[in-house]
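Same chain, two partners: chain A is paired with chain B first, then with chain C.
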Partner chain A sequence: MLHDALIAPFTDFAFMRRALAAVIALALGGGPIGVFLMLRRMSLVGDAMAHAILPGAAIGFLLSGLNLLAMTAGGLIAGFAVALLAGLVSRGTGLKEDASLATFYLTSLALGVTIVSVKGTNVDLLHVLFGNILALDDQTLLLVAINATITLLVLAVIYRPLVVESVDPLFLRTVSRAGAPAHLAFLALIVVNLVSGFQALGTLLAVGLMILPASIARFWSRDITPMICIAVPTAVLSGYAGLVLSFQTRIPSGPAIILVAAALYGFSVLFGSVGGLVRQLFPARHLEA
Partner chain B sequence: MRLRLWLCLVLAVTASPLQAAERLNVVASFSILGDLVRQIGGDSVNLTTLVGANSDVHVYTPTPADAKTVADARVLVINGLGLEGWLPRLLQSSGSKAQTVVATAGIVPLKLGSDADPHAWQSVANAKIYVANIRDALMSADPADAEIFRARTNRYLDELDALDAEVREAIAKIPPERRRVISTHDAFGYFAAAYGIAFIAPLGVSTESEPSARDIAKIIAQVRSAKIPAVFLENISDDRLVGRIAAETGATLGGTLFSDSLTSEKGDAPTYIAMVRHNIKALTGALGR
Partner chain C sequence: MSMPAQLLFHNVTLGYDRHPAVHHLSGEVGSGALLAVIGPNGAGKSTLLRGIAGILKPLSGAIGLCGLDHRDIAYLPQIAEIDRSFPISVFDFVSTGLWGTIGILGGLGRAARDKIAEAIAAVGLNGFENRPIGTLSGGQMQRLLFARVLLQDARLIVLDEPLNAKTSKDLMVLISRWHDEGRTVLVALHDLDMVRANFPETLLLARGPVAWGSTKEVLTPENLLVAMRMCEAFDDDAAACADDISPRAA
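Entry: the complex of A and B
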């Protein structure tokens, strides 16, 4: 009975196994990035980026029609351009990162809409570009996996400067020049993760599996490393439970996964050991020496 | 200076309809109707098609240019049966005095759920009714060219009769137990009813709704147990999901069927007759083995 409900969907159907593999890969790459995004107060960057890639996708579409590879490549380039320009502007001037990003992504969106309508076509490009987790072919699965690998390797290299900069940027500036390159590498990682995530899984999942587990982890730890160690399994758990829910109930898979994560978030807000509401109402006794 | 420029512009805009006044201004709502009007009207009408090749008429958003086109039209040819949901508002806002021709008038609609199925042109017998309706409208709007319209229509009706016979002959060669396919949306109800091929659609009527894992699993189980031999794609919707279903069940990927839209001149289905021929070739190719 329990086997039928929880395991049989995955043994009977290859598309469920593929979806699960994609969710795990996404969790491995997106979990740590989400934690850093949250600590740097950039949690809404993902949604902005979803619009910023439109002109790239549109140009890819103009050059080679409904070709996913060309549209994804275009999206990546547009995403990089927006992220890097926004990063450079906020580094070089006093403008805050979110403000400069908002400016660039709105410009990018306007450019994209213009390009699409000049061509006069009526195919909803973003609709085509954003994939579905139930329809993964070998190519996209490989893309998500490669992406998670690159993310983890690059994060391993820039981990120290990134952590220090998230906590105390002024200190980092006095002892090292690694801050700016680490920040730009991090922005590039966000773009890679989001764009490949959009293509494979759709906007909701790509952004949601990055941000929600990070916010959940915040309620269970104060330190970055344990936070990442909590965020990744949380994302995997949400993905698995969401897929089972979608299989058993008819809720579309993307929303199902995010709803499970949201339920975990609600639980954490109430009962989390760091700043959870219940814990604030009934504080533990202070340790005495 | 600027005022004079504006004046020129206004004059140019108001002057242009006068020059084209000898030829009847006809507007067709989408590419298939456009082709039918062209076959009947030929060079005697000035034809504009609102939703062009390879675009989805279900989700079209009209532009200001469309409003102007509709306002200038003498005859507006629409499919009716709820296909052009965006059209009544366009008609109202443009203040058009065009005579509206519902091409499906006189066809008994099939039901899709509780609504009428608008894709009536997929049966050649219905296309002949479309043609007769369009002929009558053109003849009454432009009596001077009535004989030309009548002659062209008779020639075209003969072609459609030949086409209908061709389709029936091709289907007769497919073994009855293999006359079953999967396609991306329920656009082939009339084709199925007229020619006896069962179409099973993964997503239901609309191209918009997102499937749940359960829906996909049900289709895969259905394809496996009913031994459905082939899976088809459409020219206007995302094909990844259907591709996945084919990969998982071992059904043949039968190529692209054209349902709601013709292709451009260079494509496989630039006219209605070419579209039906293309579809029947794809069907017999995948099922006939």
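Entry: the complex of A and C
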């Protein structure tokens, strides 16, 4: 019975195995990126970037149909272009970076939806907005896995400057010139992971598997290393449970995954060991020293 | 002063958006000097120290380091510059003081870990190694920054308001020790009694240098009054400085 519900979907259907593999790859790359997004107070920047990649992906779709490779390349280009343009405008004119980014991503989103609607059907639009992790082909799966690998390797190199730049940026500038390149590499990793997430969860939810596990981890640890170690399995668990939920109930897979993560988030807000509400309402007795 | 120079200011102007915060400073700091940098709020103390640490490029003029590399400078920022909510432990934070030897990818060996533990103990934070920095008090945070400077083992030490009333005594002992070891130490601070008691040399800054020399001669009521008056707000309509020969000033 339990086997039928939890394991059989994956042993019986290749597309479910593929989806599971994709979710694990997404979690491995997106988990750590999400933790840094949160700690650098960039959660909403990640969300904005996710929308910004849409017109690029849409143009890729326009040129070559539902070819995921073309859509990915387009998304990468659009993501970098928007990040760069928003940065240039805010630096050149004094408009705050969040306002300038919001302008660009809203424009991007409108442009992307328009392009897809003109050329494609409503099904295509749904696919772009919410992804379809159950329909990943080999090529896309490979792409998601490569992105996760690149993310982990690059992150290993820029980890130290990234941490120090977040805590004490002035100090980093006195000991190293790595701050700015590390930040740029980090932005690139955000886009790379959004493009992966875009295939699986769509432009609206792509950032979900990064931000929710990171926010959850914040309720269980006070140190960045364990935080990352919590975020990754949380993302894997959300992905797996979401896929099962989606398979059994016909809820679309992307939203199912995010809803499971949201449930875990709710649990953590209530019962988390670091700042959870229940802990605050019923504090343990204070210690002697 | 018979000491060879460690720091040379050649008509240095430092500032933000073309507005000078330190205006036309010239002079030299001898090797092994212990110099207090004082002045009213907005006098340019932090700006000057940032310029020395290489964080801020001069708008004009130059700062000579007399053979030192930027890696030979230890810079202690004001606590307000640090994101204390970031989840990093005391041990990990202090360990960044070894950046000069381990860089971006190097690991921490046994010897390095011992060094870090020693530095933490030297400022009286032993037992706090695994605590997140967000749980430290202001005074403990100050000690944390001193531990990192200890690890940096630098020839030139630049401290931006490292002393508040409560912690000052034993941290002053550390500063004096660095002075005894022959390092050059610059400290921005407010407490004039502390300056009189511990610092042989003082620079009184108010945008421009008001007085610079032995502490006794600098800290006169007249000089302090001049300094208070010289610190006006930025003027958006100010003309380009006539002394400035740089071609960019239109």
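What we mean here is this: the second predicted complex is superposed on the first by the 216 of 289 C-alpha atoms of A that agree within 3 Å, B and C clash if a C-alpha of one lies under 4 Å from a C-alpha of the other, contacts with A are read in each partner's own complex, and residues count from 1 in each chain.
Simple rule for what comes next: a residue touches a chain if its C-beta (ideal position, glycine included) is under 8 Å from a C-beta of that chain, and two chains touch if they have at least 3 such contacts.
Everything numeric in this text was worked out from a predicted model, so none of it was measured.
Of the two partner chains placed around the shared chain by superposition, chain C is the only one that A:D223 touches, whereas chain B remains out of contact. Of the two partner chains placed around the shared chain by superposition, chain C is the only one that A:R173 touches, whereas chain B remains out of contact.
Within the superposed three-chain arrangement, the count of touched residues of chain A is higher for B, of the candidates chain B and chain C.
Contact with chain B, but none with chain C, is seen for A:T249 once the two complexes are overlaid on the shared chain.
Of the two partner chains placed around the shared chain by superposition, neither chain B nor chain C is touched by A:I211. Looking at the shared chain after the overlay, A:I77 reaches neither chain B nor chain C.
Of the two partner chains placed around the shared chain by superposition, chain C is the only one that A:L39 touches, whereas chain B remains out of contact. Only residues 51-52, 54-56, 59-61, 63, 210-217, 220, 236, 238, 240-241, 243-244, 247-248 of chain B touch chain A when the two sit together in their complex. The touching residues of chain C, when paired with chain A in their complex, are 50, 53-55, 70-71, 73-75, 77, 81-83, 86-89, 93, 96, 99-100, 103-105, 132-134, 148.
Of all the residues in chain A, the ones that touch chain C in their complex are 39, 157-158, 160-161, 163-164, 166-171, 173-176, 178, 221-224, 227.
Those residues of chain A that touch chain B in the complex are listed here as 9, 12-16, 19, 117, 120-124, 127-128, 131-132, 134-137, 243, 246-256.
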